[in-house]
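Same chain, two partners: chain A is paired with chain B first, then with chain C.
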Partner chain A sequence: MNTDVVVIGGGAAGMEAAGRIAQAGYSVSVLEKKSETGGNLVNWYQLFPDRKDSREVLGYLNNVVRNEKLKMLTSTSVKSVDRQKGVYRIKTSSGEIIDTEAIVVATGFDLFKSERKEEYGYGIYENVYSSADLEKMFRAAEVKLKNGTLPQKIGMVHCVGSRDEKSGNIYCSKLCCVTAVKQAIELREMLPASKVFCFYMDMRMGGAHYEELYLEAQEKHSVNFIRGKVSEVGEAHNGKLIVKVEDTLAGRPLRMELDMLVLMAGMEMSGGGKEISELLDLDTGDNRFFKSTDNHFGSNMSNSEGVFYAGTCIAPMSIPETISHARAAAVDVIQYLKSAK
Partner chain B sequence: MNKFGYSVAQPRVIDYESNDRSLSEYLNALEPSFRRCIECGGCSATCTAAAYTSFSLRELHVLIRRGESRKIQSALKKCMLCGKCTLVCPRGVNTRNVITLARNFKVSLNNAV
Partner chain C sequence: MMKNEGKKRIWSDYQKEIADDHFFYVRSCIRQSFFPGSEQFFLNLMRKVLGKDVYEDPAHTTCTGIGYHSDIVPAATIMTVVARHFALMKEAGYKNLAVSCVTSFGLYTEILETWKHFPAELEKTREYLFKATGREFDIPENVAHTSDIVYSFRDQIAAKAKIKLVNSITGEPLKIVEHIGCHYSKMFPKSGIGGAEFPHVLSGMIDAWGGEVIDYPERRHCCGFGFRQYLVQANRGYSLSNTVKKFNSMKPYKPDMILANCPGCTMFMDKWQYTAKELEGITFGEKGESIPVLTYEELAGLVLGMNPWDLGLQYHMVQSEPLLRKLGVEINASDKYKTKDGKQMPVPQNLINV
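Presenting the complex of A and B:
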């Protein structure tokens, strides 16, 4: 099969880039490993900062990819890639051979596996959850402890697997602070009798309307913010979780019992991205994400001719940033195809 | 005791579970802007009392929130109610009213006893 462009990854970035390229009249095939499109977005309930239902964004993306020039190949991954005379020949897991002029890498991110941060007790204590687990509970409209009771005191641990040399990730995942604030508000709305505590190192509320959400969490929802990195979590006889943290603003250690702990897992280069970086010989950075040719004006460009990046495969990004970045990738691809002809 | 050079070391840990945070709750209710504090220290930086004593309004906010009542009472006395802190606070906390209410809270507690 011949196509103008192959997009690897059918998440938000891949869908947006593919849709835009198809709209410009080029043929596109999207290869998605999983059986459904949407990537990490399908695991989320509401999105910050305006609490839009993720299904609305998925609806938008499904519309974007509805184009006769666009082929969506789900449950399909890349087996091998060769390049001859400027054409990439891709063999897929289903045995298909696709010849293409250009490739868009949109392999996204993986959420940090919270059990790697063993001292927080994920997978050990039954009421320690990850931010993604909590989204599932929100979607099911039921936040309960393992014993079926409602949590009264809930802690949110920021920077799990980010800004942490011990996890091998010194970068900031950028979106977990606002996720913590959003989830704290959702918890307070769902469980009005509960108390929610965010344990943070810095509150990084850099995006549009994030700081306003933080203020709302304090003022309207009485969410408590305690500055200090949780060093470890233990379990008391009564099943309560005990966090070890310094209240750095008081300059003293703090002892607190909690019913439930939510770990704000960071974003990492995806496993699929790693495979593609080897198959296509693409440069990656110290943070293991793909490395663009220039941080300022070439963030969609790779070290290989005809290969472009879209979305969180180069760095943590929010949904609006991902969509903008994917559109920019489409512009670069279209320009490349025009100049090649 | 002093003769032998012994003393009893008080635990430094803030025991959130046994601390009484009723003042914090009182302020949250009567002066909701109290909840908006982000512990930036702008108030303490401009505070005249802080320039000459160990008083820090920012720290006072933390102590109240955590229910560290032992330290709150002595700190409250140091403020001169000049209101400079209210002028600089980036979050619009009505700091002077926080202090006034906290002082009154103490009075009502004493009266209750």
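Presenting the complex of A and C:
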């Protein structure tokens, strides 16, 4: 099969880039290894900063990819890639061979596996959850402890696998802070009798409307923000979680009993992206994400001719940033195809 | 409740290679002084019960770890002392090091890591040792703490067990607190079985021998030794207060005993219970008793049906009679302080749990 462009990854970036390229009249095949498109977005309930339902964004993306020039191949991954005379030959897991002039890598991110921070007890204590687990509870409209009761005191640990040399991730995932703020508000709305404590290093509210959401969480929803890193989690005799944390503003250690703890997992280069980096011999940075040719004017460009990047495969990004970056990738790809012809 | 599946996943990340036979054994300063039966039984266990080859050299000295951690012994000196131990091992024809002390184990690990990352330090140490003693050494092929070795043979010990860690009166598994020494795996989690957060080295023995491991909030808290906290006399109150904090945390779980793999931890959790009782009249076990603190060799010995007095349990401050009653171990009180040839030794005063 011949196609002008192959997009690897059918998440938000891949869908947006593929849709825009198809709209420009080029044929596109999207290879998505999972059985459904949408990537990490399908696991989220509401999105910051305006609490838009993720299904609305998915609906938009599904419209974008509805194009006769676009072929969506789900449950399909890349097995091998060769390049001869300017054409990439891709062999897929289903045995299909696709020849293409350009590739958009949109392999996204993986959430940091919270169990790697052993001291927080994810997977060991039954009421320790990840931010993604909490989203599933929000979607099901049921936030409960394992014994079926409602949590009264909830802690949220920021920077789990971010800005953490021990985890090998010194970079900031930049979206966990605002996710924590959003989830804290959702918890307070769903469980008005609950108390919510956010344990943070710095509140990085750099995006549009993030700071306003942070203020709303404090003023309207009485979320408690405590500056300090959680050092360890244990379980008390009564089954509650014991959390040790230093309140660095008050200058004293705290030992709190909580019903539930939510770990704000950071973002990492995806496993799929790592495989693609090896297959296509693409450069990666110290943060293990793909390395663009230039941070200022070449963030969609790779070290291989005809291979472009879209979205969080190069760094943590929000949904709006991902969509903008994917559109920029589409522009670069279209320009490349035009100049080749 | 802790989920075992989660712990098993973590343990699978922290498995290490432990030699199966032919060990060069290095003793611990504290252990051979305060509970010498443990080291003696380790040799008996390995040689007589498991049929292994263990060699010890009388020319082995202290590793000077206590001096090192007190800022008295400089790094170059301790590296040379450790290099001499390796030279003795080389001369005896052994490649697998079996370390009795957790502090020594931490030091051997730290020094080997240092040499790996700073080869110039290794070369300097070779030079210092050769100039001082004319000796040369090889890096050990395998370094294991003796609790690692007992852990690796835990199933064989269970197969030969005479008793299980079960309360013979209630039929319930004994509730056991496990405590690893900081220097066992907190500096280098990869060097310890199960890592540092949810170590498996001792809990694996407890599971294999029929007991139940207790998880309590201050499970990771220091035993109270902490070298500097204790060695500086003015700080001893701080040392004691840390131990008391730990014991207050485990008390509601009504532990039947504590199992430790570090000389300092065993000593301090044992002796500070006496001190706390004398100073404040407080105890942490059931019915006003204190909680016996055992080494893994002592526990293995009990499981294998050894006479508790041959294991040296009477050398602890907290006496183990309440535990022995629960285990259904028959004891002869009159033999407790007798030598092998039947001579009566002096009987210590003010022991607890008697």
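One rule holds in what follows: the second predicted complex is superposed on the first by the 341 of 341 C-alpha atoms of A that agree within 3 Å, B and C clash if a C-alpha of one lies under 4 Å from a C-alpha of the other, contacts with A are read in each partner's own complex, and residues count from 1 in each chain.
Simple rule for what comes next: a residue touches a chain if its C-beta (ideal position, glycine included) is under 8 Å from a C-beta of that chain, and two chains touch if they have at least 3 such contacts.
The model shown is predicted, which means the values in this text are computed figures rather than measured ones.
Undergrad: Clash or fit: chain B against chain C, after overlaying the two structures on chain A?
TA: Taken together on chain A, chain C would fit alongside chain B, as the superposition shows.
Undergrad: Have a look at where A:A328 lands relative to chain B and chain C in the superposition and call it first, second, both or neither.
TA: Neither partner.
Undergrad: May I ask you to decide whether A:R227 touches chain B, chain C, both, or neither, giving the answer as first, second, both or neither?
TA: First partner only.
Undergrad: Looking at the overlay, what does A:L215 touch: chain B (first), chain C (second), both, or neither?
TA: Touch status of A:L215: first partner only.
Undergrad: Of the two partner chains, chain B (first) and chain C (second), which one does A:M203 touch, if any: first, second, both, or neither?
TA: Touch partner of A:M203: chain B, not chain C.
Undergrad: Looking at A:M256 after the superposition, I want to know if it touches chain B, chain C, both of them or none. Which is it: first, second, both, neither?
TA: In the superposition, A:M256 touches chain B alone.
Undergrad: Once the shared chain is lined up, is A:L150 touching chain B (first), chain C (second), both, or neither of them?
TA: A:L150 sits against neither chain B nor chain C.
Undergrad: Angle chain B-chain A-chain C between C-alpha centres, in steps of 10 degrees?
TA: 70
Undergrad: Mind working out whether A:D247 is in touch with chain B, chain C, both or neither, as first, second, both or neither?
TA: first
Undergrad: Considering only C-alpha atoms, give the closest distance between chain B and chain C in the superposition, rounded to the nearest Å.
TA: When the complexes share the chain A frame, the smallest chain B-chain C C-alpha distance is 9 Å.
Undergrad: Which residues, counting only chain B, touch chain A once they are in their complex?
TA: Of all residues in chain B, those touching chain A are 12-17, 28, 32-33, 35-39, 58-59, 62-63, 65-66, 68, 91.
Undergrad: Over in the complex, which chain C residues touch chain A? Could you list them?
TA: 1-3, 5-7, 9-10, 195-198, 215-220, 252-253
Undergrad: Across the complex, what residues on chain A touch chain C?
TA: Within the complex, chain A contacts chain C at residues 115, 118-119, 121-126, 232, 234-237, 239, 242.
Undergrad: Can you name the residues of chain A that touch chain B in the complex?
TA: Interface residues on the chain A side: 203, 215, 218-219, 222, 224-225, 227, 247, 249-250, 252-257.
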